[in-house]
Amino acid sequence: MSATMSMIRNMMISAVLLTSGAWPARAASEADYKTALAAAEAAEKEAGQLRNKWTTTETELAAAKKAAAAGDFDGAIRAAREADALAKASIFQATSEKERWKDMEIR
Amino acid sequence: MNLDRTSATRRLVLKGAGSVALIGAGVYLGFETGFGILPALAAANGKYPEEAFKQKSDADAIKALYGKTAEASDKVKLDAPEIAENGAVVPIAVATTLPDVTSISFFVSENPNALAASYVIPAGTVPAIANRLKMAKTCNVIAIVESSGKLFSATKEVKVTVGGCGG
Amino acid sequence: MFRTILCPAFAALAAAALACVAASAIAASDKADPKTNAGINPVADATAFRKFFTDKFPKVKLEEFVNGPYSMDEDLHKQWEEKEQFAPYEFALETGKDMFSTPFRNGKTYADCFPNGGIGIRQNYPYFDEKEGKVVTLELALNRCREANSEAPYSYVKDEMASLTAYMAFTSRSKPMDIRIPNDPRALEAYENGKRYFYTRRGQLNFSCATCHVQSPGEHIRAEILAPALGILNAMPIYRSEWSGMGTTSRRFITCNSQTRAVPLEPQSDEYRDVEYFLSYVANGLPISGPGARP
Amino acid sequence: MASTIRVRATATGDTTEVQALIQHPMDTGLVKDAQGQIIPAHFIQQLTFEHNGKTVFLANWGTAVSKDPYVKFSFKGANKGDDLRISWVDNKGATDNTTAKIQ
């Protein structure tokens, strides 16, 4: 599978992640942030169980907590949702690679 | 403590097998001495060319070190890689057939300070040196040889970038 | 071989604007993984592995694969020859020799923990420990030796461990790698687990070890040239100009993970021990060339 | 105490080839450490090689010389078994020296 193919594949995965749904207009509250963070951390925990966490997920989680600490809940929610999407992508990667690794195996 | 490496198999690359001959137990003396700032003198004597090392560009450094300009000469053989495997350790060597050489210096044009190293070559010492220098980025490496009072130079561009796929 | 992309049906993601290539949905539940021994054949793997690289690089002599990027590029090879005249790992090597013979507080030394006093045995590591049922690497064995003699273990990624393994590798220089897989289903499983790790894509860059070291050895990633996977651990531990310091196998695995944006596991986790087992086994017969110098 | 200087001096005929590798950080003063503090400049300025009391080679080094610096040169007029004295001084005034036998 040529390198360019994996480039296209990566772009498609990240594109899917970035176009998350639209957010409600009203100012986000701390409660919204807490739920978004909980979802992201649960997904990241599962990625951890699959031994397949991404460093970018970790940085987004940290950014979310930092923004929340500074009271910027809009930013915090955006980062938490990004972390959630990245964590879910890493879970998808782990499950799909369970079989797909054989594609590249030298036989 | 003398690590025996004379047997050929121990050396990955069979290049002039030599053995470590280390007799004297060197003593690491770490003490503060008043190291006075010395006036900029010609490179040919033993004084540390403080001024030359402070210059930014290679032209200023050459002037501070030798007080004259150099002319390119194919008798100065500069050996440097096309692409440095790593900017921190670039193997650079120079050799020349020019007569009575008294000094050899290396300049890396785009480094914060162009002068990298300057060697005093007493009579009886072969005018050929190899060393490993740091290069900030892709630029010209210039070797200058002072032969019977005149300066001759060789220049070569060496490409330098970081490695790895980012992370 | 076109890689199909399954459209991810994440509950959290709204319908993505991007056209989604719906492909045959891979069954979510895990198909019965072929754990039976029949499916695992290390001998055939090793032969195929070696043939892949000797076919891909006919001009590179078999034993030269252990020189990694330096066997892929003439200009780089010249720089390596210059470095090897007085290699940057000299100091680590001599420190390792001193450490190896310096007794622990209880008077014993590393020589008491290892067969043949630890001299000239690196080529047999990692080995499968049938009592423990797991792969034991040289770095792990060294720390276990320290703990057995009530000494604090060394970090797997720092200089002390690199100096010790540098000296032990040096005493095995040019001996062929000689890794054995005992007739034990757990050993076969460990080998397979290592192979799976080697080929599994990870990190947001979605690369596996094979993406770089099987698909594109000899090619540039910026200034560096990728090493072929055949014999890639034979030169460990390595002094890397990049780190301007020594690097153990553990350090190399961890930094490779971070480069693909995968969170590294703990050093000497089972996955790392198994992938070292796999990579060393398929390099059987190639000479040990550690400690090595690398870009 | 092991010296910071490793040297190989091999005489073939009238020419002696000398290789030296010195353990020294050669910090440029332009690099920050993990905590973001600038690591001060700390580099060997002069490296001298003497044979029978006469300087056969003198290196003036700046901050662009690699860490654990290496240099190779040759000189005439020495024989197997002679002593070669090597000494360096860095910008903090620290020094080290050793004497090697020409092989």
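Letters are used for the chains, namely A, B, C and D, taken in the order the chains are written, and counting of residues starts over at 1 for each.
In this text, contacts are C-beta pairs under 8 Å (C-beta built on N, C-alpha and C of every residue); 3 or more make two chains touch, one makes a residue touch a chain.
Just so it is clear, the structure is predicted and the values come from calculations on it, not from any experiment.
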Ask   = Tell me, which chains sit next to both subunit B and subunit C?
value = D
Ask   = More contacting C-beta pairs: B-D or C-D?
value = B-D
Message = What's the distance between the Cα centroids of subunit C and subunit D, rounded to whole Å?
response = 35
Inter-centroid spacing, subunit D versus subunit B (mean Cα positions, whole Å) = 12
Request  = Mind checking the centre-to-centre distance between subunit A and subunit C? Centres are C-alpha means, answer in whole Å.
outcome  = 29
Ask   = Quick one: subunit A and subunit B, Cα centre-to-centre, how many Å?
value = 50
Key: Set of subunit B residues in contact with two or more other chains   = 1, 16, 88-89, 93, 130, 132, 167
Request  = Can you tell me which residues of subunit A touch two or more of the remaining chains?
outcome  = 55
Task = Among the residues of subunit D, pick out those that touch two or more other chains and give their numbers.
result = 2, 6, 8, 19, 67, 70, 72
Touching pairs among all chains present in the structure = A-C, B-C, B-D, C-D
Note = The subunit B residues in contact with subunit C across the complex are 1, 3, 9-13, 15-16, 81-86, 88-89, 91, 93, 130, 132, 159-167
Message = Which residues of subunit C touch subunit B once you look at their complex with the stated criterion?
response = 69, 75-76, 78-85, 88, 93-94, 97-98, 170, 173-174, 205, 207, 212, 221-224, 241-242, 244, 255, 258-261, 289, 295
Key: Residue ranges of subunit D in contact with subunit B within the complex   = 1-10, 15, 17, 19, 28, 30, 45-46, 54-67, 69-77, 83, 85, 89, 91-103
Key: subunit D partner contacts - residues on subunit B that touch it in the complex   = 1, 16, 18-35, 43, 46, 48-49, 53, 88-90, 93, 108, 111-113, 115-122, 124-126, 128-135
Remark   = subunit C contacts subunit D in the complex at 85-86, 88, 90-91, 94, 98, 244
